[in-house]
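Each of the next two complexes has chain A plus one more chain, namely chain B in the first and chain C in the second.
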Partner chain A sequence: MVQQLTTGERQNALVILLCIFVVGLAMAALGGFDPFGVHGVVVMLYSGGIAALVMKHYYDPEPAPGRQSQYYDDPIKVAIAFSLAWAVFGMFMGVWTAAQLAWPDLAFDSGWSSFGRLRPTHTTGVIFGFGGNALIATAFHVVQRTSRARLAGQISPWFVLLGYNLFCIVAVTGYFMGVTQSKEYAEPEWYADLWLVVVWVTFFLLFLATIARRKEPHIYVANWYFMAFIVVVAILHIVNNLAVPISFARAKSYTIWPGVQDAMVQWWYGHNAVAFFLTAGFLGMLYYYLPIRAQRPIFSYRLSILSFWGITFFYMWAGSHHLHYTALPHWVQNLGMTFSVMLLVPSWASAGNALLTLNGAWHKVRDDATLRFITVAVVFYGLSTFEGSFLAIRPVNALSHYTDWTVGHVHAGALGWVAFITFGSLYTLVPSLWKREGMYSPALVEVHFWLAVTGTLIYVFAMWNSGILQGLMWRTYTQEGTLAYSFLDSLVAMYPYYIARAFGGLLFLLGAMVAAFNIWMTVREAPAAAEKQADIPDTGLAPGASPAPAE
Partner chain B sequence: MDIDHGALVGFAKSWGLFYLIGMFVCVVIYAFWPGNRKRFDDAKRSILDKDDRPWQ
Partner chain C sequence: MPELFHRKIERTAIGFVIAIIAAASVGGIVEIAPLFTIHQTVEDTPDMRLYTPLELAGRDIYIREGCYGCHSQMIRTLRDEVERYGPYSLAVESKYDHPMLWGSKRTGPDLARIGGKYSDFWHVAHLTNPRDVVPESNMPAYRWLARTALDTGDLGLHLRAQQAVRVPYTDEMVANAAADAFGQAAPNSPFAAGVTQRYGEKTQVSAFDGVVPRLTEMDALVAYLQVLGRLTDAAYANTAAPQQAPNPTN
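Coming up: the complex of A and B.
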């Protein structure tokens, strides 16, 4: 890793790490025993640890001069490792919190392990830790391969990756200490948010500079999705997190948005986090790894362009469907509802495009568990987007809102779509990145697939049942016009479903652990791929000497 | 001009609609422009070739 950097770059890396270390020191000194001070220590340990790694290899030989004629894959490899570690952590926290709902004693009467603090460690762990690192890994991989250009930086990819993980670590450790802005998917406090802005702008510039170096005349559509993901997440993050800290030595801050505007901004952010973090970036994965794995070009490139712009311009307006029957003006609710229903068109255009790409290759789907991961992801994408449009309709929302149906919907998307497309992409990416013949154990991929499918189905069906039951119990009136059930009655009725949900989640966690083991063993033990044509342009010339595509 | 609730609703219902329709028309023209056909076909096929080095 460090060996790929020149001495000058190693020095620059150390300077950057020193600056971060000093910031951590200042935070620790100012914050004292406030969580702000604890986070200062976390920053010092993190930057100090990485600096120690750089210094350990400081006098290693410099990289060979041919560096520029190869893709820059080291940061991608580390991003995959981070992604899997966060997957196991985040999903474990999910199983734990799910079990707490069935058996509240599992909070062990401590503050740090109460449901309210553990829940964001689950959401941040899986969305930002697992999903975010997978997005960074695949964005770096896809942009290089489809642009035929090496990443436009030596240190900046590391800065993006390691800086992003520092953000995740500060976020999660903060939750245990009770640090939160109380904004869904935007819980981290002001200093973590500021840091993420720096990291994200670097990510944006790096991606843009790499695109600018491209040798392909056309920017492949997957990059559009990654670009939309990066740009929009930056805008959302900045606007939603505008806040004034109570002091520059304390973790606590207050948002500048008042009342209903705060709610609107939060759900504009929240829904577009689903749209651009959990959808656009993963569609980028789909449009690259599906054709690669199936060895068939995408069914209709034009359709992929139309659905790209549809998704980009419709999703922006859909957030207010989270605020039906609130103080938000009625027409804004209608706007969100209308756009949510219209969103079905570009969403199903993407799903249909992917399924039609597979048309004629169904025998591959049957035989190849990795391609099956991608196929199931597409099916769940179609299903969840339909469900999402449906739930956004006001009268449907009256039944579903605040119930487990919403939780079921989110997990149909997060497990069935996001995690499946991620694992399908990783199983495609890992052997090619480490130049292996295949995964260490195709049988374990198969085991993972069935654990994941079973877990997702159990989870989603449990939540559909419990959500609709909850919604109906809350709105059932007696003949006298009073509510037929107390809230406690509905809670007791949830008990079996909560156990089923925890069990489904457990299966999914086991699957992720199998994946982590299998990928680890692939890197360690799997036989290296024979020096096949894959690495060398098929031109008969020296490697990298000709831009002619191999046919 | 006062920016009140009514003005915003009016703006959203008129110009908001026009700009989305305009956007839609532009995207359709771009996607179906005959001259772009070859470029799109090349793009969707070229990711499948086996070349694994940056072009110089």
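Coming up: the complex of A and C.
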């Protein structure tokens, strides 16, 4: 890792780490025993630990002069490791919180372990920890291979990756201490948000500079999606998190947005975190790893264009469907509903494009569990985008909103689509990155596949049942025209489903642990692949030999 | 057939980024900006009052503990919701909420109008262990709130930041934040009078957790729960089937 850096770069890395360490020190000194001060210590430990690693290898030999004619894969490898670690952590927190809903005393008698504080550790752990690191890994991989160019920086990829994980660590440790803005999927406080802006701008510049280096005249579809993911998440993050801290020595802040406007900004952010974090980026994965794994070109270039711009334009209108029948003005609700329904067209265009790509390769879907992961992901993408448009219709939303149906919908997308496409991509990426013949154990991939499918189905069916039942119980009237059920009746009816959902989640967690083990063993044990084609960037010297997927 | 226009865009990285920004900006601008300019978005209500420092501290505890993850504070304009929880919520009721806590999930019931429906004593017992009061409940127990003293030292800073986001706290309120927090939970103390003087006669001054001299996080959270839905009576005037605003004497 450090061996890939020249002495000058090692020095620069140490200077950056020292700056971060000093910021941490200042935070600790100013904040004292406030969570702000504790986070200062976290920042010091994190930057200090990495600086120790760099110093340990400071006098290692310089990298070979030919490194510029190689792809830069070290940060990708570390990102995969982070991603898997977060997956296990985040899913474990999910199982724990799910169990707390069925057995509420499954907590310690103190704040850190109560449901309200654990819930964001689950959502942040899986969305930003697992998903975010997988996105960084695949974005770095795909942009290099499809541009046939090395990443446009030596330290900046590390800065993006390690800085991003510092953000995740500060976020999650903050939740345990009760540090939260309460904005869903944007819980971290102002200083973590500021830090993420720095990291994200670096990510954007690095990505753009790498694309500018490309040896292909056209920018490949997958990169459109990664670019949209990076650019739009930046916009959303900045606008939604505008806040006034109570002091520069305290963690607490108040958002500048009041009441109804805050609700709109929050769900404009929240829904597009789904769109551009959990959809666009993962569609980028789909457009690269699906054709690679299936060995088939993408079915239609024009469908790719249609779905890309459809998603980029329509999604940003859809957020207000989270606020049907609320105090948000009716006209905004109508716009949100309309665009949510229209969104089905580009969504299904993507799903259809992916499924048609598999024509001629369906026998591989039967035999290859990795390709099956990707296929199931596409199916769940199609299902959950249909469900999303359906739930956004006002009268449907009257029933589903506030119930577990929403939770089921989110997990159909998060487990069935996001996690499946991620694992499919990782199983494709890991052997090629570490130059192995294949995964350590194809049988374990198969085991993981069935654990994940079973877990997802149990989870989603439990939540569909509980959500619809809950919604119906709330609105059932007796013949005398009074409400038939108390709220408590509806809660009591939920318990069996809460147990089922915790079990489904447990299966999914076990699958993720199998994946982590299998990937670990692939890196450690699997036999090296015979070099078939040189996997190197096009430097203009050697003939370009890297396999670029067809458009 | 002539070359697709798109073929040109996808040959320029900067152009592509600008196109993404353009396409993605429209929706947000059209839906958000008018919410600040269209006057009817938030109703005018002369009787809308501010959170007291104690209630604001309670609100911050509500946020800290993630209560919004399971409880909404937004009664929708649906018959069953109005009959179950009370008049539907108005935008003005969260006018001073930074952030709003409308919520998105009801693992527990809506709390938009919980204020005044139960006694302080009930709330304390319920928060200490929900299953003592509601055996079937799956809500976490919050015993430590009654053990933890409320940190009032920063309350002035909190009100100052609220001022910065345009909540109309006066400088006098900021200066007296800590004393008012204490006074609201100590009915017979010399500090109590200042609270109603600054925040209005309708402010509930009460020994929320039943213990006067020690101000705990339990006091603050109960004070907040008891004010929910009672910052203004506008919602009761607005509903087709008028209901009485709760006016308990605990």
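We adopt the following convention: the second predicted complex is superposed on the first by the 533 of 551 C-alpha atoms of A that agree within 3 Å, B and C clash if a C-alpha of one lies under 4 Å from a C-alpha of the other, contacts with A are read in each partner's own complex, and residues count from 1 in each chain.
We adopt the following convention: a contact is a pair of C-beta atoms (placed from the backbone, for glycine too) under 8 Å apart; a residue touches a chain by one contact, two chains touch by 3 or more.
A quick note: this is a predicted structure, and the numbers were derived from the prediction, not measured.
> Looking at the overlay, what does A:I305 touch: chain B (first), chain C (second), both, or neither?
both
> With both structures superposed, pick whichever of chain B and chain C touches the larger number of chain A residues.
The larger set of chain A residues in touch belongs to C.
> After lining up the shared chain so the two structures overlap, which partner does A:T180 touch, if you call chain B first and chain C second: first, second, both or neither?
second
> Now for A:Y288: first (chain B), second (chain C), both, or neither, which partner does it touch?
So A:Y288 only meets chain B here.
> State whether A:A149 touches chain B only (first), chain C only (second), both chains, or neither.
A:A149: touches chain B, not chain C.
> Pick one for A:W362: touches chain B only (first), chain C only (second), both, or neither.
Neither partner.
> Mind working out whether A:H218 is in touch with chain B, chain C, both or neither, as first, second, both or neither?
Touch status of A:H218: both partners.
> Would you sort A:W112 into first (chain B), second (chain C), both or neither based on which partner it touches?
After superposing on A, A:W112 lies clear of both chain B and chain C.
> Go through the superposed model and pick first if A:S69 touches only chain B, second if only chain C, both, or neither.
In the superposition, A:S69 contacts chain B only.
> For A:P297, decide between first (touching chain B), second (touching chain C), both and neither.
first
> Looking at chain A, which of its residues have contacts with both chain B and chain C?
217-218, 302, 305, 309, 313, 329, 335
> For a test of understanding, state which residues of chain A touch chain C in their complex under the given definition.
On the chain A side, the touching residues are 100-102, 104-105, 107, 109-111, 114-117, 119-120, 178-184, 208, 211-212, 217-219, 224, 227-228, 231-232, 235, 239, 244-247, 250, 252-266, 268, 302, 305, 309, 312-320, 322-329, 332, 335-336, 339, 398, 401-403, 406-407, 474-475, 477, 482-483, 487-488, 491-492, 495, 498.
> Can you name the residues of chain B that touch chain A in the complex?
Residues of chain B touching chain A: 5, 9, 12, 20, 23-24, 27-28, 30-32, 39-56.
> Taking the complex as given, what residues does chain C use to touch chain A?
Residues 4, 6-7, 10-11, 13-14, 16-17, 20-21, 23-28, 30-32, 35-36, 38, 40-42, 60, 63-70, 72, 74, 76-78, 80-81, 83-84, 88-110, 130-131, 134, 136-144, 154, 157-158, 160-162, 164-167.
> Applying the document's contact rule, which stretches of chain A touch chain B when the two form their complex?
Interface residues on the chain A side: 68-71, 144-146, 148-150, 215-218, 220-221, 288, 291-292, 295-298, 301-302, 305-306, 309, 313, 329, 331, 335, 432, 533-538, 543-545, 547, 549-551.
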